[in-house]
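First comes the structure, then the notes that go with it.
A, B, C, D, E and F are the chain letters, set down in written order, and residue numbers restart from 1 in every chain.
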Amino acid sequence: MGRDITLFSGPWSATSLDDLALKTKEWGYQGLELCCWNDHFEVQRSLAEADYCQQTLDLLARHELSISVLSNHRVGQAICDPIDQRHRRIVPDYVWGDGQPEGVQQRAGEEMAATFRAAQRLGASVVSGFTGSPIWSYVAGYPGPTPEVVAGGLREFADRLNPLLDICAECEVKFACEIHPGQVAFDLYSAEQALDALDGREEFGFTFDPSHFLWQGVDPVEFLRKFPNRIFHVHIKDACLTLNGRSSLLNSYFPHGDSRRGWDFRAPGRGGIDWEAIIRALNEIGYEGPLSVEFKDAFMDLDSGAQEACQFVRRLDFEPARKTKEDAFRHA
Amino acid sequence: MGRDITLFSGPWSATSLDDLALKTKEWGYQGLELCCWNDHFEVQRSLAEADYCQQTLDLLARHELSISVLSNHRVGQAICDPIDQRHRRIVPDYVWGDGQPEGVQQRAGEEMAATFRAAQRLGASVVSGFTGSPIWSYVAGYPGPTPEVVAGGLREFADRLNPLLDICAECEVKFACEIHPGQVAFDLYSAEQALDALDGREEFGFTFDPSHFLWQGVDPVEFLRKFPNRIFHVHIKDACLTLNGRSSLLNSYFPHGDSRRGWDFRAPGRGGIDWEAIIRALNEIGYEGPLSVEFKDAFMDLDSGAQEACQFVRRLDFEPARKTKEDAFRHA
Amino acid sequence: MGRDITLFSGPWSATSLDDLALKTKEWGYQGLELCCWNDHFEVQRSLAEADYCQQTLDLLARHELSISVLSNHRVGQAICDPIDQRHRRIVPDYVWGDGQPEGVQQRAGEEMAATFRAAQRLGASVVSGFTGSPIWSYVAGYPGPTPEVVAGGLREFADRLNPLLDICAECEVKFACEIHPGQVAFDLYSAEQALDALDGREEFGFTFDPSHFLWQGVDPVEFLRKFPNRIFHVHIKDACLTLNGRSSLLNSYFPHGDSRRGWDFRAPGRGGIDWEAIIRALNEIGYEGPLSVEFKDAFMDLDSGAQEACQFVRRLDFEPARKTKEDAFRHA
Amino acid sequence: MGRDITLFSGPWSATSLDDLALKTKEWGYQGLELCCWNDHFEVQRSLAEADYCQQTLDLLARHELSISVLSNHRVGQAICDPIDQRHRRIVPDYVWGDGQPEGVQQRAGEEMAATFRAAQRLGASVVSGFTGSPIWSYVAGYPGPTPEVVAGGLREFADRLNPLLDICAECEVKFACEIHPGQVAFDLYSAEQALDALDGREEFGFTFDPSHFLWQGVDPVEFLRKFPNRIFHVHIKDACLTLNGRSSLLNSYFPHGDSRRGWDFRAPGRGGIDWEAIIRALNEIGYEGPLSVEFKDAFMDLDSGAQEACQFVRRLDFEPARKTKEDAFRHA
Amino acid sequence: MGRDITLFSGPWSATSLDDLALKTKEWGYQGLELCCWNDHFEVQRSLAEADYCQQTLDLLARHELSISVLSNHRVGQAICDPIDQRHRRIVPDYVWGDGQPEGVQQRAGEEMAATFRAAQRLGASVVSGFTGSPIWSYVAGYPGPTPEVVAGGLREFADRLNPLLDICAECEVKFACEIHPGQVAFDLYSAEQALDALDGREEFGFTFDPSHFLWQGVDPVEFLRKFPNRIFHVHIKDACLTLNGRSSLLNSYFPHGDSRRGWDFRAPGRGGIDWEAIIRALNEIGYEGPLSVEFKDAFMDLDSGAQEACQFVRRLDFEPARKTKEDAFRHA
Amino acid sequence: MGRDITLFSGPWSATSLDDLALKTKEWGYQGLELCCWNDHFEVQRSLAEADYCQQTLDLLARHELSISVLSNHRVGQAICDPIDQRHRRIVPDYVWGDGQPEGVQQRAGEEMAATFRAAQRLGASVVSGFTGSPIWSYVAGYPGPTPEVVAGGLREFADRLNPLLDICAECEVKFACEIHPGQVAFDLYSAEQALDALDGREEFGFTFDPSHFLWQGVDPVEFLRKFPNRIFHVHIKDACLTLNGRSSLLNSYFPHGDSRRGWDFRAPGRGGIDWEAIIRALNEIGYEGPLSVEFKDAFMDLDSGAQEACQFVRRLDFEPARKTKEDAFRHA
């Protein structure tokens, strides 16, 4: 299909954007999904310096790379989360400030708003990211939340998001919230509830990454069919169940790359995701955005893995049929 | 086998102990696992009133029921948890007090210590319960905790538990911590880590309830074989996966009894647990404690369900072979 | 639950109603689903003879049996089917007449209307049955039908059914069309299309028999949730896949009872149906009608099988929980 | 292996034979399976015009393409089928004539006979096609046919086929009847019955297309081993089950390409067929005919799909071992 | 069905026949399958003492128990096996003699012949047993045997069996060789080869015990259908796969009852055998012999297990349908 | 990864080493695993002729091929096996000698010792091979061995191996015993027992070939994790289960390449082995030896198969991640 294959820049935090762009092109990609938490793209500079965005665009253009999506997951996490020490590592110092929770949340929201503005300057129509959640810790634990507590959490989510989405509207940018554990929306029904909490406003949709559905037992195709108009962005990332009776889906406390986990991420095509079903469902719902490789395989070399992933996506994304009425009646 | 079949009293909070004991006997049970969060058993009265425990024992004796395990999950949850409003509903008012977190945790610990003393007076050798966890919210969310954060959480757990376990030792009672989401120990490897954090001290072991393993993908038999000497108590509760592509193992925010969940508890024998394998593993490790029915099936009537469950456990708990060397060489 | 367990009288065509009622009661049933294609119940006599219905009701009352559903599958098949010689065996001679197709269809419709009137006289609120289909032969064959042909078939179905459903309305009886191969509605989506063709009129709903879903790969629970208000009747019949690489789901041309088939019907509980999931879904949607055993197991004795089936359904149909808001917050 | 990879010409009805031959060669194929229902090959012209066949052969030769199989499924369908309006679209006008059923059947048979003669002129040793069936509508519906009705249907099939097979014998051509829903022979045992009805005459065998076996639950390998000498032709076409609880194997009334179906065809290698097992079974039975790609994937572009399919078949069709007695004793 | 449920006496070697018969009757059995390797039945005494058989029959009659099958597996093992020290424990001293292999084999054959004669005296029409195998050690090992070596082994088997089967014929007794690892016939095709080696002589058939098929991956139903006239006896014994990634189907060197095995025997109904399919296949082939419980579950008490097993078989062995032509056409 | 891909020379017994080396290089391999049972490498000449080893090394060097593993499975089999006629075909005449069992075993051991010495001369650090087993025939047969018999067999194994392993130590060569049916160590626990019998001496480890685990139901990954320091060599060979109800895992007596078997070997990537999991586990345990293709697919051409296999292994053996502490905390 004519979809762009892009690369999520996050894992190459130690590589300069120029070097990364060179490689990205060589590996066969058509674009970059720039992440805002390293020097690949700095939100504040983009607003403060008149030519920063254009310089970034020029750099990409030299490598014949496009940019249609800007990502800011890390700072987004601090918008609705109860803040703790872990957030210090994932937000800029100026967002962390004195670390007082409400202030951190406030500044994280402002940074996300700034990201929307930056996206507009870049000509990127979508910002992908996280929001954090006031009620994540209640999800699978004990005691479970009452319906009132859940409703309250969703309300807080909406209250914090709505002003930011107003800025989206202003900037003609959409916010693609990644369906992901740790967020308000982490599976199909919670995505529906998040959307409802926002009264289905059109600036809000989803970054679809099937690797998060695998271990939760959700069929990614059902998700795509449930929200055909809300798939604003797609991450290509695989995952694999590694259950052996002792490992668990909650993974004890093991980090990615520990073989005692019950699941882990994998390079695209080397895990358990049914990509064939997904690409067909993406064709069915008419998704026309990029297919963005988020390379995350704790066991595999980043550079050679990213190259292989691009080839994988190219084979996967076949040319769909031009449907006509007659097609349905062809010889069986 | 000669194991006692007992009933976990918690769900009959609206029934007096006398009425519940009458039913329990009629349904075929041999004992009760008394829960301390309703008037079935009141910890403070048991310590304050000289004859409270004996009266309780007399009452049970009138119905030919034994008691070998005392349960105090609710207050235990507040020992290590970061306290929030949800805890107010599950601890006594005198534990909640002014609701200042550290104070609640402190008093929850004291109440658990009191429970150990009460168990001793009742002649119950095991207290089953929860501990809460300082790091539960980090388990499946984002950002994941660093190894240092995990280690810190385990240290806090040990620091809070050790004084309580000293009282266990003093009272000659064991603490059977239920492996359960929301606790420090929720799967096989986290149970191992919890045990290690406590240097494997002998007063600490587990309440084994296979319903929590099912959806995590852990084989209950592997758990039993991993900790053959730490299975201090067994809950008989079933569960069923109800994945249909849209539901998820994290259950969105749906409470038990909502059919959109990806799993839910079931009456024993009406779910997906392989009880045959479990009873054989319990025989193998020489577990001699009670088989305690925790009836929790949001779709089934409590009383008739409890009666059916007792019959189910009786069929399940077959008379094991008396093993002799010769047995291994019998005709194939 | 308080649901009646009833027996579908069809297979005992060689047994008088009095003898069958005696057995039915002895086997433990609470009612009979009378079939109109043998002398258990004769539609024309019921309309012609003033006391026929009362005599039937008296006979049943003597055996303490109720009747809430009257069945007329055979004649119903001739309403929409293209008529061929096979229909001669399943309709009364006066319906077959000269065998001219349109006349047979016409008279079959009239007989079904008469059945509705008879049901009213009996105090049975539901008539279960078939309708036949003008387009069944196109379903899996070649060449497939154009959308226009399908639409035409559905229109014909509606044209033939609507006048009959008017009589239903008049008689305050509902028509429970069995979802079954050979009918317009044979799976979930075709049931939806049939309902749409009738503009969802309230006299029309379904007889749910999960044995027909098994080999088609449809989840019976999905069906119940799709049409919670249209489940007018339930047949308890099991089925088993017997695929071995050579047998097929289309069963070559083998009749029931030939072991080369790829599936066949089974006595309840001896096949592959997940009854536990079904009874829970019936509780969920609030179905309050009878559970009617249609005994059809070509390998098993009819009488002893019917007795076993009644016991099976009694165990299956557990007492559901009385749901309260509080239930959702009980100890996990 | 040295087997030819050929392309079934049917789906390119809008492409001239010359253009199609050019592409076919470019995509890597070695031959074409010409279909007689578009202007790729016209049966009547081939008999009427002295040099038509030679011109066709010359055209193919210019593109270095062979032809070993001629296909005439559409007109074949009308030989044994009860004729209805759907057939009008799949037979030539001169076969349809006045549309009187018996006449249509008669002329369809004559056209098939003409196809055999045309094949002889082309040097194609096999004609692949359908026959239709007098009893297809009885296969999964209600009421089921009596054994006598089945026997009658098979007899009619034989009566209509035998004269045509006499012409096969005369022309030294074989008829490869495709095992396919809608035909007399649609699964393993019905294929056996069809063969028996024809007394196993040697001109009659099968076109093997595993995509039709998948949803019926038949193992294609069992089919190949059952009829090792009757596999006259092989279609390479994949299929995929898309069951999700709501979809069904009978596909409601949905045409190919509707995602609510329970199965659909797929490009080779993108579905659920175990091609590795099939190619090994084809090697085992010594099948030496072409592997003919019938490209039918309602979701995929025809031209790029056909190219990919050719590459897929080339990888699949590995060089088999030259078996010697010694081989069986090599080092394990 | 009217089939007798009998008990294989072997495991009660420490119980006198009188005591065992008393229990057997109490547990609900109708007969005993007497084993000849303990004092339940002594072959030599039965031939030497005029009234031994009658006394045995009288004893059984007192307990209302029948005997239709006599078992002699242990001595049978020594007929074709290469003899080693393990055989000393399973044959009587007078068969072992000086332990010279050929002599042991010779005497084992004579003892089996004597068993046939004893069976005749008892009125038992079937002797169940083993034969050992000259080529068992070659089955899964290295180097594999050449076809000549296999043929030689089968020939030796036939040479040793044929004279014994002549005595069967003389005594009007049949030999039901148990399909079992360690024998010439251990799976479906080796059973076929064994039968072929004996030219299919009618005195030779099989003891069918599905527990041996489970771990080999053979479908017991396929076996029954392959040899419908050779099922002379049926053992009811269950088995369970206990694969966990570390255990193996070859079970390392662990004896029964070691939980590290990859499979083990189980009480009937507590393992992985599909008994429903088996009982239907036994009905289908018209097997009319006893269903004989061979109780072998290393984890379960023998006596209570045997009692439960009898109840299990009674539920399993349902009354089959009396088939009539009409049955095939009953309402679907 | 930087691992060498090598080819096991055994199957090309009819090809001279020079010709094989030429092909091996062309197919893309980096080395050869020389087998000692054909003229590719002759142990006795290597010891007797001063320059034989150097000539072999020169020949390989001309083709840019390395050698790090020398294989001698066939003669190894005779070390611990009870000798029978099958061994005559797999050992050199000078080892067979007069065929007296103890002498054959003695000389087989000496030949293996000579192989160790030859490996040292070649600079190969590993010898791969078999040992045979004194108790293989007892593994799955009847009667099972007593624990004493097993212990005796393991002792005999150790007694025969220890002197040979002394020579390994002397030569600074390791012995990689292949886990394989027919050996003392054939699954995970028997490998553990073999290692224990040798007191875990460091010269002894394993050749890991996952194809032998597949049909035994052992997870190859569990094996690698159990013995991370004992994986001295790896064979790349695939296998496929071909169970169809009639075939069995013990394969009747059918040789490789007979389609009635229940499993057979396959070319790498064309069977059922989960290679992705294996390569990750090999990375995890730090295996740095060669990946050696043992091509054994009775249905596939040897030369083209070997070429395909090399390409398969190259794709499989991806570049692993360079793990750093930070990796565990990257964006999820």
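What we mean here is this: contacts are C-beta pairs under 8 Å (C-beta built on N, C-alpha and C of every residue); 3 or more make two chains touch, one makes a residue touch a chain.
A quick note: this is a predicted structure, and the numbers were derived from the prediction, not measured.
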item: Per Cα centroids, the chain farthest from chain B; value: D
item: Between B-C and C-F, the pair with more C-beta contacts; value: B-C
item: Listed chain pair A-B, A-F or B-E that repeats interface E-F [over half of contact pairs the same by residue number]; value: A-B
item: Chain D and chain F: spacing of chain centres that average the CA atoms, whole Å; value: 46
item: Whole-Å gap between the CA centroids of chain B and chain D; value: 63
item: Junction residues of chain B, two or more chains touched; value: 74, 89, 142-144, 146-147, 180-182, 219, 221-222, 244-245, 255-256, 328-329, 332
item: Chain C contact footprint on chain F (complex, rising order); value: 244-245
item: Of all residues in chain A, those that touch chain F in their complex; value: 10-11, 35, 37, 73-74, 89, 180-182, 240, 242, 244, 255-259, 267, 270, 296-302, 304-305, 308
item: Chain E residues touching chain F - in the complex, by the definition given at the top; value: 74, 77, 85-87, 89-90, 130, 135-147, 149-150, 180-183, 186-190, 193, 213, 215-219, 221-222, 226, 241, 243, 245-256, 260, 262
item: Contact set on chain F toward chain A in their complex; value: 219, 221-222, 225, 276-277, 280-281, 283-284, 318-323, 327-332
